[in-house]
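Chain naming follows the written order as A, B, C and D, and within any one chain the residues start at number 1.
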Amino acid sequence: MRVGVLTGGGDCPGLNAVIRAVVRRGVRDHGFEFLGFRDGWRGPLEGLTMELGIEQCRGILPRGGTILGSSRTNPFSIDGGVEQIKDNLASAGVDALVAIGGEDTLGVATKLAELGVDVVGVPKTIDNDLSGTDFTFGFDTAVNIATEAIDRLHTTAESHHRVLVVEVMGRHAGWIALHAGIAGGASAVLIPEQPFDIEALCRHVETRFETSYAPIIVVSEGAVPVEGGDMTLVSGEKDAFGHVRLGGIGDRIASEIEARTGKESRAVVLGHVQRGGTPTAFDRWLATRFGLHAADAVAAGDFGTMMALRGTNIERVPLSEGTAELKLVSPEEYAEAAVFFG
Amino acid sequence: MRVGVLTGGGDCPGLNAVIRAVVRRGVRDHGFEFLGFRDGWRGPLEGLTMELGIEQCRGILPRGGTILGSSRTNPFSIDGGVEQIKDNLASAGVDALVAIGGEDTLGVATKLAELGVDVVGVPKTIDNDLSGTDFTFGFDTAVNIATEAIDRLHTTAESHHRVLVVEVMGRHAGWIALHAGIAGGASAVLIPEQPFDIEALCRHVETRFETSYAPIIVVSEGAVPVEGGDMTLVSGEKDAFGHVRLGGIGDRIASEIEARTGKESRAVVLGHVQRGGTPTAFDRWLATRFGLHAADAVAAGDFGTMMALRGTNIERVPLSEGTAELKLVSPEEYAEAAVFFG
Amino acid sequence: MRVGVLTGGGDCPGLNAVIRAVVRRGVRDHGFEFLGFRDGWRGPLEGLTMELGIEQCRGILPRGGTILGSSRTNPFSIDGGVEQIKDNLASAGVDALVAIGGEDTLGVATKLAELGVDVVGVPKTIDNDLSGTDFTFGFDTAVNIATEAIDRLHTTAESHHRVLVVEVMGRHAGWIALHAGIAGGASAVLIPEQPFDIEALCRHVETRFETSYAPIIVVSEGAVPVEGGDMTLVSGEKDAFGHVRLGGIGDRIASEIEARTGKESRAVVLGHVQRGGTPTAFDRWLATRFGLHAADAVAAGDFGTMMALRGTNIERVPLSEGTAELKLVSPEEYAEAAVFFG
Amino acid sequence: MRVGVLTGGGDCPGLNAVIRAVVRRGVRDHGFEFLGFRDGWRGPLEGLTMELGIEQCRGILPRGGTILGSSRTNPFSIDGGVEQIKDNLASAGVDALVAIGGEDTLGVATKLAELGVDVVGVPKTIDNDLSGTDFTFGFDTAVNIATEAIDRLHTTAESHHRVLVVEVMGRHAGWIALHAGIAGGASAVLIPEQPFDIEALCRHVETRFETSYAPIIVVSEGAVPVEGGDMTLVSGEKDAFGHVRLGGIGDRIASEIEARTGKESRAVVLGHVQRGGTPTAFDRWLATRFGLHAADAVAAGDFGTMMALRGTNIERVPLSEGTAELKLVSPEEYAEAAVFFG
């Protein structure tokens, strides 16, 4: 059997660990041959391939990124894209595909599966917002990086009497902010699921200065103010180039806090540092297990499924289930640790 | 309500995070007062106490160790120990206890609960071998430390053609070895649950040298040779002090491999480094949640229970269940990643 | 003898290590008593003091920040400020001061020394731009944090074909950018001392994409374009709040590169993460030695001096020398590693 | 010009960084061709070579180990070894050699230089005991790893009332122990240069328990007791295999302390973890600069020299000078931080 492998979407620590495990199990225990498709769905679409065997996977376990490259190409938004993929798979003699990716990549996989392509999915997102699985790999790495940053910022907040706003990844779901906020001992966590009230936040800042040292506020990049919440106090100063120097939500909040409370406030935007580099042990373990089980699913002919962590077990769930809806932070989960906040 | 808190057994990253969360939730949401008992069960036994409130818990979240101190004192092996504890709790006006510890500490808690002491347990072991919970805090930190060590040893194995044997913690259960072995890309993992055959291991070493670079072998401190397995080839050389220079199982295995295969072999024994220092984000999150839920269990009067992670939920299980038996690595779990080994 | 200690200016890993070493040596070997002044020069100015002895310094060696607090208060810009300081020192019975800080803090110390205050200085800046000393503590920590971030970004650049611009600290001097750029394997380093040509940089980006993977560009926050260099191609898009989303120089450069080359470009601004948290071993060693020698200088009555690292020796140099001019990256030092850049 | 490169001796973080810098500067700025010799002096001796150019050096900067492999082969202890090397260099068309290694490797280089081989040396030892240079690369990494381990052990010492003995590398010189001991806040440091008195050490342990928490003692692997110092109190218990369970000096000291003071004592032997894995920023910077300057020395025909760090400059010193004597910790350097010890 000849199996194609591809990785799609944004960078995520653990991709290489999945690839290595799929290949190792496939070659050793199932007698598969492998073909690597480059740059996500662009690979099968444009016939971009690379040799993929045990040799190519040597030493990649601890490395971030993906040896297969990635892209956000969507074959369904390209005329004849699906036919092209089917043709390319056929002419390369590829019998089955392992697609490793997030909502978009697995969404394509889901539709291709419905159109008869034999595909198995491995869920990937540092945001941890894919339903059907307890955790996705990459998330633990991102949370640790954010937590280490918060650890470092505590000493500055403490010694220098400054409000520090840490913007972390999470466009739709607040998992990274919630976990890093709890682990880092933040005094407020703002997530997309719970619009924030800038006035209440500023009151918290003032109370905090009275009772303890300066607060650290963790905010998801997708956090939004409550409707009608006035966030326009700061009009933005122009810099030397004539441009207004205001960035994303972290910068906005820091500016508002400084304007409203008079307390010096700084934002730190962790950005892409959260999604690159070597994975944590947890992510390597999870990614490796996903890869092993994905190869087994191919061997079992159990297509149209994706791997999922449930407790400590890896299970197969329908691809459609994993991508049906985003897994958001529930009000109960947000409230659980509220005693540390506000 | 006045609640006592104690920590028992070996060091484990996350103990302080539990204490902080219990106190914070207890004071803020349930109106508890707290009393700290020092040095495990020695505290209530000998009346060793310390003040414990939100102030004492400031800044302890990222710190290893325990502000309460610890010991392995067992009141049941001391004449009149149990009565003494009951008397001391009564005279200190303590209504309920939160006991944070492993098999031994919770074993005492289980028996005390049966004798009418109102106690709630929080499971703690870096070995991850307590049944009833998916994971215990401290384990993820230990696995990450071991994995980072293995990462470092790879370059030496690769460049200097040496067999490296890494001895990790795990007297009865091989969880740390298994997870760190998978995460670190070891080429063999030896655990207490699966006696090893030194001859087969040496054949693996020789094969490995032919096909790849020098192997890294991860071994639990409690690993044992198969019955009849000859591990006495090395008689031990005397050092300058006239003592035989042989340590634990890691050193033994390295010596045997070198004697049998002629390949230079070195053991690294990670030891106590695995159980000290700052916890990972996962362990801080898990420990914090255990603490929050333990305070809630006290408030609910749900005594004789311990906190357990099931999937992503914290549940209460009977104390007796959590300590009834060790959670060992099953043959299936050991076999899952065998494709990377041997 | 009664000795006051204060820390001024921005946060810098190693401040607590200096305090601990000054106090330890002073108490044990010279019989000093100590008084802590809080929040930089505000302490002696407003009489803000705290107890400072061996007990207060226990456990602070690995901690970032400063137990004394800090500020940017300058007594020379306050009417009667100098007299107030002299009065407060006299009434507190303080015979000598150890001032730990950067250009501003030591500038004040220099002038006070000329006015008869017995003061010894310890140089502090993560920017490493104080003349008279080979290195300052805090710099090595900042460089390591930046290097680890660059390590992580490499995998994203490599797998996802993106230009990554990393903005590091350094308003006047490019030391952090230069060292982290060399250590992190950046393909371009832009520093304040060498105005950059955005056109040449974009040509470099395009060449790089042809021959290797996407480039990583490290830029000091104080880097500037060459005179006449057109950096206004990007007019700035408005965000949801009606504000232009453009931050500092890192964001500007990323935007220009994307606009000119069509290559997706992202900026990461490391910010305050570089100056908080636990110091590296080098910084703890250097800070500790500075502290030990500062106490010796006080004991020797060698006032008006600051500690300096020369090779592996700690020497005393005149305070005026250390603050006379900024230590900038010379053209030769910038050129040394140019073979990796451009 | 055709230049050979080899790496000899034990593993050391930064070797790959040197290789990359030599090659990059040599190819780009001097028009050299390169040939890699494998496994130290065994390479030129047995004609073991590998291709070496910019391509082979891509991505190796942050990796520990050496892509060239290493060995401890000494051609001077092999009949006709030197002639063989000269023949192999000639037949491979190699005009000059860059030898990267420690005392032994550079000792061979020194003698070969005297015999007319055009060789330039780069000093390498994690022990930092090569004279002629302020620091060697690898040392800073080793010290940081040891310091992080000590940081972790503090919490165990503090919470669990145990003496912890940390054995670090350093057979002849105590640099790693001294630096890590200062940076980690050890309460005693034992180095080869200063024989220790076990009785005095035990008195220190007892005093320490009275005034503070349990002590951490850092000991070089080459530390020795004072002459006549009785270290034979512990006779060694036999383990399950009939072997006495006693390892190196760390274990010996822990056993003696426990036997003499009754305080539970544990040894942690860091071993090879100290010499593998990714280098710190300082070591990458130093290794890179050594490499750049070594290529320049070859271009300048300045053979028989080795690179040396003096302050912040890289200088060329005669090979014979660098290997003439070991750089030991002087009594003054040992005494400098004694206020923290004993």
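Descriptive notes on the structure:
We take it that a residue touches a chain if its C-beta (ideal position, glycine included) is under 8 Å from a C-beta of that chain, and two chains touch if they have at least 3 such contacts.
In UniProt terms the chains read A, B, C, D = Pyrophosphate--fructose 6-phosphate 1-phosphotransferase.
Bear in mind the structure is a predicted one, so any value in this text is a computation, not a measurement.
The minimum number of touch steps linking subunit B to subunit C comes to 2. Between the interfaces C-D and A-C, more contacting C-beta pairs are found at A-C.
A centroid comparison over C-alpha atoms places C as the chain most distant from subunit B. Each chain gets one centre point, the mean of its Cα atoms, and the points for subunit C and subunit D are 30 Å apart.
Distance between chain centres (mean CA atoms), subunit A to subunit C: 33 Å. Within subunit C, the positions touching two or more other chains are listed as 151, 278. If touching chains are joined by edges, the resulting network of the protein chains shown is one closed cycle, each chain touching exactly two neighbours. Of all possible chain pairings, those that touch are A-B, A-C, B-D, C-D. Across the interface of their complex, subunit B is touched by residues 10-11, 13, 15, 63-67, 69-70, 145, 148-149, 151-156, 158-161, 164, 231-232, 236, 239, 241-248, 251-252, 266-273, 275-278 of subunit D.
The part of subunit D that touches subunit C in the complex is made up of residues 24-25, 28-29, 58, 61-62, 134-135, 140, 143-144, 146-147, 151, 179-180, 182-185, 212, 278, 280-282, 284-285, 288-289, 292, 310-312, 336-337, 339-340.
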